[in-house]
């Protein structure tokens, strides 16, 4: 079970993460170290060629890793990304993007996870990007 | 010498990269496979703790790599990121962020480069993030 | 089904990959874009602290990705790693190491996959490392 | 100035790093957070196509980052790689390989650096690989 509710994430976004609100990121599911997050189809998130922009995909990935980490450790707002690596695999056709994310290691100081990004506009159901990331968890969170 | 002018980049942003315009990204210098790009200090780019958000830094990094690649190969709008990796090293204090970027390998099919991100709000002048990225160059660009 | 047999991999190692033979790497299973590879417990693969050395783990990961790619595209000996990223997650206690590897994208020019490395000496069954890698497939392989 | 001498590195290798001895790795220069390390040309380090194998290059990179970190923090043998990412850029022609390595951030808990690998067999002097890595520094080292 998640140690943070979707409503708390939404409250956190409203208060502290204006860019997540601006992109329209929606947490659809949350478990113990896992989540599914949606990036809605919006014109301002496109790039030349009509596909979803890299930065919008990176924001989705980073946010989904953050949510997956909080689902494991609770509301530690100051958990920060220390490393993120993204591989763009296939064209993200216009349409919503969905990140399926899970924590691979949830330590006291560092959490590491991966996310697969899917484009609903693709018929083949294959991931459009694969992301790994590390989050550093501040000292006062480990009590 | 760059194979694309700063004015052309600006025109490209206005036409095709709404997110770059929205963030206020400014190309300050451009060379042959190198550039300096500024992300202005804006409230909506912050995250909990009052530092610049990860996604804003990733967008800056991705854009600066794109510009550095175009400075080497000319206006190939459809060059796309295939891989990007970012390491967050130090707190990006509020204030403008500046990316110093250069191409390490500019091949016919792939270009690879790195960027150091600096926060003008930091007194020590040390980079706040280090980024590497690969761009895939579409076929019709190699003529 | 794999497009290359385990015996062919072994023949390839004997002829062309002395380092894989030296490490004692053994392909235990091979599928269509997936494989399991074992690194036997050997004194020369250890590092200070008595755990398996990073380079031995990287060699295991790189080899297993190579095998998984060949299982998808057939015996293309000149497929080469273009990028490899490894995250060390937990102490690899002495004992055999096993890589579980799969291709996430098998394109005509590039293949991308991930591997989880497990140490049989660990009681918790958690991965000791996570690896992602990209292989470039030479032109003459795409016919 | 380095906080560890080349002779100490050699002693450490003889005692604790059999794979570094086996590869013939030689530290040629060491500064404060920087070093140059040589991988000698040896038949067993080759791969199909007659170029230096990926694992040999990764071992060179990992070792050079370790040495650069120790040059900054002193003889902390238990510093361990937590993340390493390598991009292979050009063919490493047979001949010695040389890593030029430097620490970008040397913190109390984590050190981060990069290495450029050069092949002496290449006439153009361009790097054959670029590597970034993070080392975790054990608690007792920060006194």
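Per-chain residue numbering starts at 1, and chain names A, B, C and D are given in the order in which the chains are listed.
The working rule: contacts are C-beta pairs under 8 Å (C-beta built on N, C-alpha and C of every residue); 3 or more make two chains touch, one makes a residue touch a chain.
Small disclaimer: the values here were computed from a predicted structure and weren't measured.
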If I average the CA coordinates per chain, which chain comes out farthest from chain A? D
Looking at where chain A touches chain B, is over half of the residue numbers used by both copies, so same, or under half, so different? same
Can you work out the whole-Å distance between the CA centroids of chain B and chain D? 28
CA centre of chain A versus CA centre of chain D: separation in Å? 34
Per the C-alpha means, the centres of chain C and chain D lie apart by a whole-Å value of 22
Send over the residues of chain C in touch with two or more other chains. 82-83, 85, 87, 134
Would you mind writing out the residues of chain C in touch with chain B in their complex? 82-83, 85, 109-110, 134
Given the complex, residues on chain C that touch chain D span 12, 16-19, 22, 43-49, 53-56, 58-59, 62-63, 77-78, 80-88
Chain D contact footprint on chain B (complex, rising order): 85, 87, 89-90, 104-105, 112, 114, 126-127, 130, 132, 134
